[in-house]
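Letters A, B, C, D, E and F mark the chains as written, and numbering starts fresh at 1 in each.
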Amino acid sequence: MLDVVTFGETMVLMSHEISGPLRYVNRFMKQIGGAESNFAIGIVRLGHKAGWISKLGNDEFGKYIVSFIRGEGVDTSRVKFDSEAPTGVYFKERREWGESKVYYYRKGSAASRLTPMDLDFEYIGSAKYLHITGITPALSESCYQTTKEAIKIAKSKGVKIILDPNIRLKLWTKERAREVILELASKADIILPGVGEGEILVGENEPERIAEKFLELGIGIVVVKLGKQGAYYATASENKYVTGFHVERVVDTIGAGDGFAAGFVAGLLKGYSLEKAVRLANAVGAIVTTVIGDVEGLPTMDEVLVFMGEKDGIDR
Amino acid sequence: MLDVVTFGETMVLMSHEISGPLRYVNRFMKQIGGAESNFAIGIVRLGHKAGWISKLGNDEFGKYIVSFIRGEGVDTSRVKFDSEAPTGVYFKERREWGESKVYYYRKGSAASRLTPMDLDFEYIGSAKYLHITGITPALSESCYQTTKEAIKIAKSKGVKIILDPNIRLKLWTKERAREVILELASKADIILPGVGEGEILVGENEPERIAEKFLELGIGIVVVKLGKQGAYYATASENKYVTGFHVERVVDTIGAGDGFAAGFVAGLLKGYSLEKAVRLANAVGAIVTTVIGDVEGLPTMDEVLVFMGEKDGIDR
Amino acid sequence: MLDVVTFGETMVLMSHEISGPLRYVNRFMKQIGGAESNFAIGIVRLGHKAGWISKLGNDEFGKYIVSFIRGEGVDTSRVKFDSEAPTGVYFKERREWGESKVYYYRKGSAASRLTPMDLDFEYIGSAKYLHITGITPALSESCYQTTKEAIKIAKSKGVKIILDPNIRLKLWTKERAREVILELASKADIILPGVGEGEILVGENEPERIAEKFLELGIGIVVVKLGKQGAYYATASENKYVTGFHVERVVDTIGAGDGFAAGFVAGLLKGYSLEKAVRLANAVGAIVTTVIGDVEGLPTMDEVLVFMGEKDGIDR
Amino acid sequence: MLDVVTFGETMVLMSHEISGPLRYVNRFMKQIGGAESNFAIGIVRLGHKAGWISKLGNDEFGKYIVSFIRGEGVDTSRVKFDSEAPTGVYFKERREWGESKVYYYRKGSAASRLTPMDLDFEYIGSAKYLHITGITPALSESCYQTTKEAIKIAKSKGVKIILDPNIRLKLWTKERAREVILELASKADIILPGVGEGEILVGENEPERIAEKFLELGIGIVVVKLGKQGAYYATASENKYVTGFHVERVVDTIGAGDGFAAGFVAGLLKGYSLEKAVRLANAVGAIVTTVIGDVEGLPTMDEVLVFMGEKDGIDR
Amino acid sequence: MLDVVTFGETMVLMSHEISGPLRYVNRFMKQIGGAESNFAIGIVRLGHKAGWISKLGNDEFGKYIVSFIRGEGVDTSRVKFDSEAPTGVYFKERREWGESKVYYYRKGSAASRLTPMDLDFEYIGSAKYLHITGITPALSESCYQTTKEAIKIAKSKGVKIILDPNIRLKLWTKERAREVILELASKADIILPGVGEGEILVGENEPERIAEKFLELGIGIVVVKLGKQGAYYATASENKYVTGFHVERVVDTIGAGDGFAAGFVAGLLKGYSLEKAVRLANAVGAIVTTVIGDVEGLPTMDEVLVFMGEKDGIDR
Amino acid sequence: MLDVVTFGETMVLMSHEISGPLRYVNRFMKQIGGAESNFAIGIVRLGHKAGWISKLGNDEFGKYIVSFIRGEGVDTSRVKFDSEAPTGVYFKERREWGESKVYYYRKGSAASRLTPMDLDFEYIGSAKYLHITGITPALSESCYQTTKEAIKIAKSKGVKIILDPNIRLKLWTKERAREVILELASKADIILPGVGEGEILVGENEPERIAEKFLELGIGIVVVKLGKQGAYYATASENKYVTGFHVERVVDTIGAGDGFAAGFVAGLLKGYSLEKAVRLANAVGAIVTTVIGDVEGLPTMDEVLVFMGEKDGIDR
């Protein structure tokens, strides 16, 4: 009944309007962010069904997050509340030069207490795709076990597995990240690494070489994200560079990768060719960078088509 | 006594600082907007006298609008208040890609209840130019009649007529727009179409061809607006492309056309050549795009001269 | 499966932080408001299931509203989008003296185009209570017909009918309001008038006399709302004044009546005595006035108990 | 043709939403303030004609002020711009205890350069009342001369003189204030002192004794302002205490005295009895305290009547 | 050289302007808060010298906090930065009813990693008073050891010890709080419990009985804080209830206790009698409640005197 | 003990988030600005010790400024408070085209009352560099004398003198500026003119020629600032153009020159070659333009290194 199911931590995101060093920012906006729910919201906005499994603190922020995500149309029926641990928070610092920085306040959060028992066998089994990221297993031992259990369930029910490495060096070391993500990758059907992640995981920094290595691991489809340049995809039988879209003003790059993943999977769900799906992914990722916030820029299908010039957007 | 007189609807404009989809915007600023009052304010700021005829709701928003426009130095002595109908409101959505969208809340507004009886024969007769737009006749049957009556008065008093088509497809169909605007155009001395409007009105999309068609209709001066590229003007005896001005960062394009019209008419009032008047129009239109809001960016003559590099603006 | 079902219009609410005349307010916040969805959200927050039937514009504001209400846990599966009509908007003016004023921009809105065909027989039939207000029938002829049809469905399925008169003299005349609301009242099981509404509807301004008149019309339970003073309830067999709760600082009274209704119905659903249900209603209504916005102050059951002093809220 | 004429300095007022020490306030709003223009706006809002004479810097703030005041409907045709001196600015600090503090940045401002030559004999002569405050003569020697000249003109044309002492000890010493204001008072028809001002000027702090002293100076009408308590008025033939109005929440007391003066003079212009005029003054002054800003709270006649309970304000 | 020295955790405080449930707040302000630095700032503002020992994350928030506290004139020369742990954050929820709530994000913070080695023997020894709270020992085992070490140093150098229990049940259990705080109290010269804390610590809820119990433990001066009512103090030889001050509008009670402590100790440093010192403490605590923020309301000595009516604050 | 000492006026800076004409800006932020304290903060942030001598009003703004600058780690032990004069204020207007404008409210400010007696001989003598600007001598005669006295002290103690002309034509005429600054320059070891300043001071507008002229005056090091292009430096023995850094979006150029000076002097303090010091200066100046405010963008050494690509800033 679901097109995709995903699970992981979503935090309250404190962001700011005026770029600059966080120490001088005195006004913050409350938003939300989490790679998995970003992805799920993206999927729904592009016209498909997504379910998000998580644990939130039984507090104002937890209630805010579940309201937001449920409001977006993502199924939140498997989200649990934990009265013993808080909802995570993160601060995003946007400057006009250099990359955005994030400051996590998620240690010991409710989501880090997810366990294999929080997974619903039938629920996961009802989806076409299971989306997993390298963030969840980095949160705690129980989250790592939960990730492995979810993959096991998916495998047993014939649900395809998409792995977005999302390596966060604030959460674990490169060594541990490589070890665990390669373990997960060995079960994945699709992987969506960035170039930097390729270097950490397989020791290569050329898109073709990265893809080759993952194909060798037995993954069916590899899509290497190249930022503004677009992406490179490869399978056993085909491969191609797909040029990215230009946007006049990038205001916030965080969340673009999750948008890319949502665009790609939506493309697959629509039965697109790989090239066309990657093109959609590029467009979604580009649009996301034009709005402050992880999810606020995620486009509807109509909006992407207008952005890609495939639909007339005139509305005078 | 007046240099120009214009009439039409002005609405409270709810705009936002942070660009992005309206559904996620949670802070709005109150401004005002209306093609005719934008034009009148532009004329006053460039040093001439303008009168604005309208009807507003007898409510807080109506009082705000009349205070704002009177404050700018536009004559508002012929503005009436209507206790039976509200002042119109519109929301502007600015994104970092694509064009701004507008959401109107003007149905049944006070301004849509303007009638020929709201026109003061002597007042209109005292002006050098009557400015009319294609928005007013689209508001209601009585507004359409009022527009025709205003033209009749102007004609009878030797007041020149400037028509800015301003086609709003949210207010009427292309067919009705063409029919009415061509009817009005047949009485106009000057017309200021955009290329898209040329296509709707005379079925052409080349500036030269558009101008030709309007000249054939008996209009003395045609200025085709080309956005960033500038404008093309033509009369029976001369025609020319006049290059536009570049601005580093466009933040809001709405109102630029009204600024262009104000610049052009101000040029005529100053006795400029057509080319020089169009150049002034290009500069005013460009400056308007650098400020959020329909009228906040309208420059004084001094500011335009500095912008065009014709006056030193150093002020250390 | 639902505890209550309701239907009606929800608008985007533009409110402001700093009290004062709207003409000088220059910052607005986007919220939502609508008597029926206020009620439904109140019901859900107090622990019960609510469904809300409506029509929204297929625009940014419509998407915002459905996300907000769905996010709150109200069932929105029967909400439709109308591409031909906009979502309504209303502005609330809060001053430090006098009552808040509202400015509606809802004429011809999507919700005013609700028709009996938008009602789902089974859906309404699955609820214990149908909540109707005097606002919906005032919106349009088709809304009036829809209201009557909803009552017919409820009657046929044994669903109890609660009528909250909510007389809005900006929408219709006193005469028409009386005529229609009395017609609806004749089918209602419960009615929740204010004193001013009692005067308009039955020509009485004493709580006891108002209640008497409605009881004579065959309504089983009458609860007359008395603002800060509390409420008076009456049935054929019992009646009583129930004192209201004092709050230190009232910041926004709009929405308090809807909170009262939600509290009262939640009390009934919990099997409370009428007196206890009215006391809960008083508390919910009082809490709502302490927060800017129609729905933001609606309390959870835990919060009401703390407020009423029936539960310890210390959390150091 | 004018009902009242006044002259003096208006400054940009930087105020803040959140009360507290200025050093921690990091957001300011731009408003305007100046005793004389506050008064003039109050007069216009209550339905009469007012003219305001002043000098402003030829800068953005000067343009803002003249737009604001002209927008309010006050005649600003005699306002001049001075390219050699800036528009004054003042900061207002509101705390929850103690009185608001003001920080002036007006030294050497354009208005302090007003001279007798800036006065238009016919203009002043066309008014029924000339309003003068003790602020203008404190600004500079030329302002002092201008004040005396204005009084001379008024006297010669039979224009009644209202003197509002408005003693600002930040601008001059008590001794100089007493000397000059008593000199001006000797020409005034009406004086509106506060109790503290009575003490400085005539060495009394009892309303009756203050009034007596001013009556002895030959002033026809004395109204002693008593803040929340209301006011005491006296003439040769009558005197009375008129109780003030209670407002639930006072947010900003600055400007209340100017509102009082506007209310009183508007009462006289309407032909009210002194008692009724003082009652109106009390009401206007009270309403002004409910809004942040010097002029934003000044009420229309309709609003005062509703506030005083003399008109029905229900608007459901 | 220092009058007081204190040590503990300071966090970035995210607070909000508009009261209401945190889940609907979408704008936050950045401030700082921490009982010990609140106290130190209060001491400095009242004219004495304070040093604050702490550990902060080597991040933007840590830099902000040290800049703020150093800016206030508190000696921060002993503050260390920890690159391995973040600066703590807390959110404050203000509603119009009930008490403010706090949400801590301080687990594993830099400050929780304070160790006895972070204490400078000479530095502590140079002060007249060592201020300790019950918060620091609750943060971690090493913080508990640090607290005990600080007391030991103070004892050995003849520095008087003031203990403010500040029991935070979010950090430890009642049982553990009692055990540790009583252990610390046995070494203290002065203790400042609230009534609720008295109940937890010595099982009494009458001020006299609480004081008695602490005196029995050998503490020289006991001051029981009674909120709005004021305070009760007792020594072996005297005791008295000292009435509190009324403020018209309480906006934020958090930080009032720290202000009380600062006022009391400042009184002792000034050589006040106990009664006079408690009166000063009451005034400082009351003033703090009128400003949003933990420290922004802390008054200077001049301000307290004006507040207590002992100095003229008129500044017209 | 100090690396640099500087003295001059710092004002409260009222800036705005949304660019555009000041008359339409209605929200301002409070910041601080002053060439000398900007420089001192820059020096501290780059890792060196700076002292700032000044006079501030004994008011909220004066307290804010000293807290801010002390908070940044600049030594403020020689700052005095003046109860007779206010702290200066300035407004900054940012537009999307043309240069930012400033509006000063500093006439008669506390800082303009600095006298030679405010200088501490030992304090200045303890520094390696004395930084002076052309702003201070323009403030008043006593400030001019103070500047000369400071130079005399520096000379007598072997402290090197850096002169940043900072010509402000709002404060004095070109003629007077030239006369005084050349007088000061004759004592300086280093001068940092812009091209426009070169023209005013030595009548040249070519970097090489400007430098030549200053070298002829006996100044050891001349660095001509070329804005985005970088800078040109020259001594008796070497000279070179050092290319500037590109930033994607310049948001506020004011303060960039002060950042440049801080970067250059920090380079000298680190023992860099002139070329390397100018390169550092270019980088610091460029970074400053990316943040709204005079000082908020001043980078730490780590940040500059990342910006210049000499250090890895990845922090995933």
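Convention: contacts are C-beta pairs under 8 Å (C-beta built on N, C-alpha and C of every residue); 3 or more make two chains touch, one makes a residue touch a chain.
In UniProt terms, the chains line up like this: A, B, C, D, E, F = 2-dehydro-3-deoxygluconokinase.
None of the values given here were measured: they were computed from a predicted structure.
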Can you give the shortest number of steps from chain C to chain E, where adjacent chains in the path must touch? 1
Under the over-half criterion for shared residue numbers, do copies chain D and chain F use the same patch or different patches to meet? same
With residue numbering as the guide, point to the option in D-F, A-C or C-E that repeats D-E in over half of the contact pairs. C-E
Distance between the CA centroids of chain A and chain E (whole Å) is 44
Measuring centre to centre with CA averages, how many angstrom lie between chain C and chain F? 62
Two or more other chains are touched by the chain A residues 17, 21, 24, 26-27, 29, 67
If you look only at chain A, which of its residues touch chain F in the complex? 17-21, 24, 26, 95-99, 101, 167-170, 196
Residues on chain A engaged by chain C in the complex (per definition of touch): 66-73
Enumerate the contact residues on chain E facing chain A in the complex. 14, 21-30, 59-61, 63-64, 67, 86, 89, 91, 93, 103-105, 107-108
Provide the residue numbers of chain D that touch chain C in the complex, in ascending order. 17, 247-249, 251, 287, 290-293, 296-297, 306-307, 313-316
